[in-house]
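The structure under discussion appears below in the form of structure tokens.
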Amino acid sequence: MLIQSVLAFSFLFVASYASVQDFCVADLSLPDTPSGFPCKDVKKLSVSDFVYSGLGAAGNTSNLIKAAVTPAFTAQFPGVNGLGISLARLDLAVGGVVPMHTHPGASELLVIIEGTICAGFISSANAVYFKTLYKGDIMVFPQGLLHFQINSGKGPALAFVSFGSPSPGLQITDFALFANDLPTEIVAATTFLDVAQIKKLKGVLGGSN
Amino acid sequence: MLIQSVLAFSFLFVASYASVQDFCVADLSLPDTPSGFPCKDVKKLSVSDFVYSGLGAAGNTSNLIKAAVTPAFTAQFPGVNGLGISLARLDLAVGGVVPMHTHPGASELLVIIEGTICAGFISSANAVYFKTLYKGDIMVFPQGLLHFQINSGKGPALAFVSFGSPSPGLQITDFALFANDLPTEIVAATTFLDVAQIKKLKGVLGGSN
Amino acid sequence: MLIQSVLAFSFLFVASYASVQDFCVADLSLPDTPSGFPCKDVKKLSVSDFVYSGLGAAGNTSNLIKAAVTPAFTAQFPGVNGLGISLARLDLAVGGVVPMHTHPGASELLVIIEGTICAGFISSANAVYFKTLYKGDIMVFPQGLLHFQINSGKGPALAFVSFGSPSPGLQITDFALFANDLPTEIVAATTFLDVAQIKKLKGVLGGSN
Amino acid sequence: MLIQSVLAFSFLFVASYASVQDFCVADLSLPDTPSGFPCKDVKKLSVSDFVYSGLGAAGNTSNLIKAAVTPAFTAQFPGVNGLGISLARLDLAVGGVVPMHTHPGASELLVIIEGTICAGFISSANAVYFKTLYKGDIMVFPQGLLHFQINSGKGPALAFVSFGSPSPGLQITDFALFANDLPTEIVAATTFLDVAQIKKLKGVLGGSN
Amino acid sequence: MLIQSVLAFSFLFVASYASVQDFCVADLSLPDTPSGFPCKDVKKLSVSDFVYSGLGAAGNTSNLIKAAVTPAFTAQFPGVNGLGISLARLDLAVGGVVPMHTHPGASELLVIIEGTICAGFISSANAVYFKTLYKGDIMVFPQGLLHFQINSGKGPALAFVSFGSPSPGLQITDFALFANDLPTEIVAATTFLDVAQIKKLKGVLGGSN
Amino acid sequence: MLIQSVLAFSFLFVASYASVQDFCVADLSLPDTPSGFPCKDVKKLSVSDFVYSGLGAAGNTSNLIKAAVTPAFTAQFPGVNGLGISLARLDLAVGGVVPMHTHPGASELLVIIEGTICAGFISSANAVYFKTLYKGDIMVFPQGLLHFQINSGKGPALAFVSFGSPSPGLQITDFALFANDLPTEIVAATTFLDVAQIKKLKGVLGGSN
């Protein structure tokens, strides 16, 4: 009889809260909203929706910057949708660089797993904060400010970066300026760079105009 | 002529603001989002969408805990969707108990309407705050912390609890540990409880494994 | 030896989290901030900081509107500071009225404890939503919209109102227009009311100019 | 070979972030949500989605209040959806008035472009703050509080008002009270206005009951 | 006797809400907090705290960029503290340019008051959105993204820009890179710019190292 | 002359934005607020305020649970104050366990650096989600829900956990129930645990009453 009562009680509570929203795994097939993607049906979720293995392998650093950023944002890992956090893996080969960039929508925390990284950011007041970081060091990069990471050691470096948003965005200054069809004259007028310099980098990065 | 001008003016304003969002009554037939359910068409709303009578009758306390929690969350009362508040009714028969639980997404305010309730919560710093409350007393339970309510009087007790979220969630510790298929060995390892104790409560609360 | 290990473990954790902010009981002696008052020292808190008894007694309804609103906002109940919720008690004698008003910073949920109340609100689109509410009924009033409550029964009425802010604010339209020194000509120009009507209400409500 | 590497790098990054949400231009054909409308497909956007020309022409002030408010809210300018800001144009002919009103969901900043405007607001504590503003002056109106603007100069006035919400709402007190079917007896009971005054304004503003 | 009752009622309400926070004018003499500056004492406020005249005069455009940005942020206009909005005036002489920049903490709305401005922004996905804007046109720049404004007309241009934050921040890319002591080798490594180009701009903008 | 103009321009901008708030390094000597600690003076900051080395060394796992959690929250790392993120290091010796716990104020992301961890959480709907995680795997734990981590491998395990709050809090269920002076009868009534079991764990964990 005890069991019977309890089950009744259990039913009461569980039924009442069936639609409570503890989480909201993104249904990427539906249109996004300002607060994130609509939620997948809770009944169709399993633990796999909350686990992601895509950061387990090193990114390919055979490129100009000798670096790879592998994100686990909503687009890759729908389980973080609506939860205000995400993660990325950063691989830097010897000499590797994450070029000057911003995350328009989130602050960032970097933790060094392996190697030596010189990292820094620049404030609105134009002050520069940079330091060489070693294994286990962490550094915070406040939201929206320009920052960079350079492998300053003799071997490869590995770091994880966490963000205070499931879709923090990433704007690499060089790509914004030189890897699209923004006219050279506008780039020149708004950056004071020489036209020859702009055309050179547009050539390298695939920009036109 | 005065009326004419005013009506023109009226039309101007009202037309302009026709789609302004004062509220967002949940359309529960559509997928949820991180900010709540999509809104029902304003043109189809009436005052009934903003009124709920489901808390008028006492909940059934003929169960093990001699208690009933009757929620008016978004799932029951779609009018609170997106407005950051909700309410529940708490009935406690003599000896009734709301077991140790948390609301993952909201703080709670309890107001005693009838009877005597011993209520308390435990902080992250492990401090205990509990007190016997009488008719008219209110107590606040900060977001996410373990708390409980016990009818410590000689008659039934009635209270209303308000939340700072339209879907505050509810996690009853005993149900989380003993009323599902979480393996006994994991429960034991993560709670230090004796296996016999775990199996006993799994039996009572319907858990397996 | 078991106990020894555990205590060491206990110390480790508790020390680490000593300054975690579960709550922030207002220190009303310090200047307010946009997010609420600075916090009292956690070490000086007791359960009394989270309990308030000021809503236990009926408010004095021997006044023009035969109504009394007794708030438990941050100013009266510092325990709600920073937690996003608060409560008030509403007493309405026979014929009592809470005049047309708004809460600039919060939505409101009304629960009828005793009596009969006709309550309503008006949307930005100028639609009117009102209904007679009975014991146990609840109604939600979306943030910032004009609303009112009238005792429409034959006996006194009692209700509790919860808010999605610890300092929801209250702007009674009549007081804003007629109970201060806002010049009559400005009131007339911005409300289309007759000057005689304005002067009459300024007289009643204590306004000047 | 340099170009090849860079393009590979470019592809890596751009692909990864393809679905990052920098903005969320409203798809007004879908149901709204508490955080705003679902987003249009990024691939279908052009600069036109972020530019609006509807505030370029003066509003029609040939009406009772000799004023026109032309909004650029989400409904008119879907590009602001989810971005927390919007704008409106305010034209006041000689003698023009924006009647006493509130924005339930946003604070407002007014900047005078041309002419002279007497503007003010009333606080919850019933204090009145008003001043005559000249070209270039700005004034802030805190969220949800009653405020007004009157052309107090000898020529027409032009101002722009910005809001801290893409859908700030607008509730004109006179329209809420007199331009709908809210019964005269309720208006009288909740405002203390004389029935004759109410009926007169209902007549002017198109209200019934 | 009527008056007497009402005054009692008035006292009841006004006293209760005396410390409600409608606004929070910054006391810039106290340390800032994450939500803004602590509030000035309400009793010491006047309408002057909510009005600012500093945008009335044209900024001085006799400089390299032939442009002036005159802000009305919390630092200049303490009345916007905690209200989520602010404003700035933008003067552009013939040929004037606001160089490529971001606002780390807010979206921006630009309204053209006079003249012709070519304005644009670049998204995280590296897409370019730019257009020539004329008097009365408005354009929105989503939070944290690189954007610019160029006077593309034959006369001076004037615009106002509103922000969804009382302290939106401003990071001009050129200043961040070339107007401080960030070492040339780091700038080169993180931007791919030629060292000669960097040194040239450091010379112009006052940077060292 | 070019340099002169630019410097003037530089001064104009930098002066205007001197007090812009990009970040808010906590001044832990001042009282906390609901949004975090007041900010240290920007002029006294250096890069050290944004870097923390306290997670570099393994925590001491010579305790009952064979585990150590080393936090970098606001209290340890004031640079994250107000930025919405923080980090902790998790060391698990062979057989180590992080007992069932919640973070009242934040979601959590776990990344496995070394070893094998069985991790899981339980939802409000009482569903269990757990899985064995290997090096490089990440798992998200939604805000406020009970979760745990167990070293299920044959060697030590190392993980980093990031949070969507600078002060996420931590409530270990066992400590909340058994390591303070919460009376045994209340624990029994609110958990259904046997009194003998409670007293045993109170003995182990240092609780009284």
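A, B, C, D, E and F are the chain letters, set down in written order, and residue numbers restart from 1 in every chain.
We adopt the following convention: a residue touches a chain if its C-beta (ideal position, glycine included) is under 8 Å from a C-beta of that chain, and two chains touch if they have at least 3 such contacts.
As the structure is a prediction and not an experimental result, all values here were calculated from the model.
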Labels of chains that are neighbours to chain D and to chain E: A, C
Chain C reached from chain A - shortest hop count over touching chains: 2
Which listed pair, C-D, D-E or A-D, duplicates the contacts of B-D in over half of its pairs: A-D
Chain located farthest away, centre of chain D as origin (C-alpha): F
Superposition rotation for chain A onto chain D, Cα-based, multiple of 5°: 120
Centre distance in Å when chain C and chain F are each reduced to the mean of their C-alpha atoms: 34
Intercentroid distance (Cα basis), chain C paired with chain B, Å: 20
Residue numbers of chain B (touch at least two other chains): 14, 17-18, 20, 22, 30, 33-35, 104-105, 120, 123-124, 126-127, 130, 142-145, 169-170, 175, 179, 204-205
Interchain pairs in contact, sorted by label: A-B, A-D, A-E, A-F, B-C, B-D, B-F, C-D, C-E, C-F, D-E, E-F
Footprint of chain D on chain B - complex, ascending: 2-3, 5-10, 12-14, 16-22, 24, 27, 30, 33-41, 81-82
Chain D-touching residues of chain C, taken from the complex the two chains share: 97-100, 102-105, 118, 120, 122-124, 126-128, 130, 142-146, 148, 150, 169-171, 173-177, 179-182, 186, 189-194, 197, 200-201, 204-205
Of all residues in chain A, those that touch chain F in their complex: 14, 17-18, 20, 22-23, 42, 45-48, 50-53, 55-57, 72, 77, 79-80, 83-87, 89, 106-109, 111, 113, 120-121, 123-127, 129-131, 133-145, 160, 162-164
Residue ranges of chain A touching chain D (in the complex, touch as defined): 28, 30-35, 59-60, 62-65, 68-71, 73-76, 104-105, 167-170, 172, 175, 179, 203-206
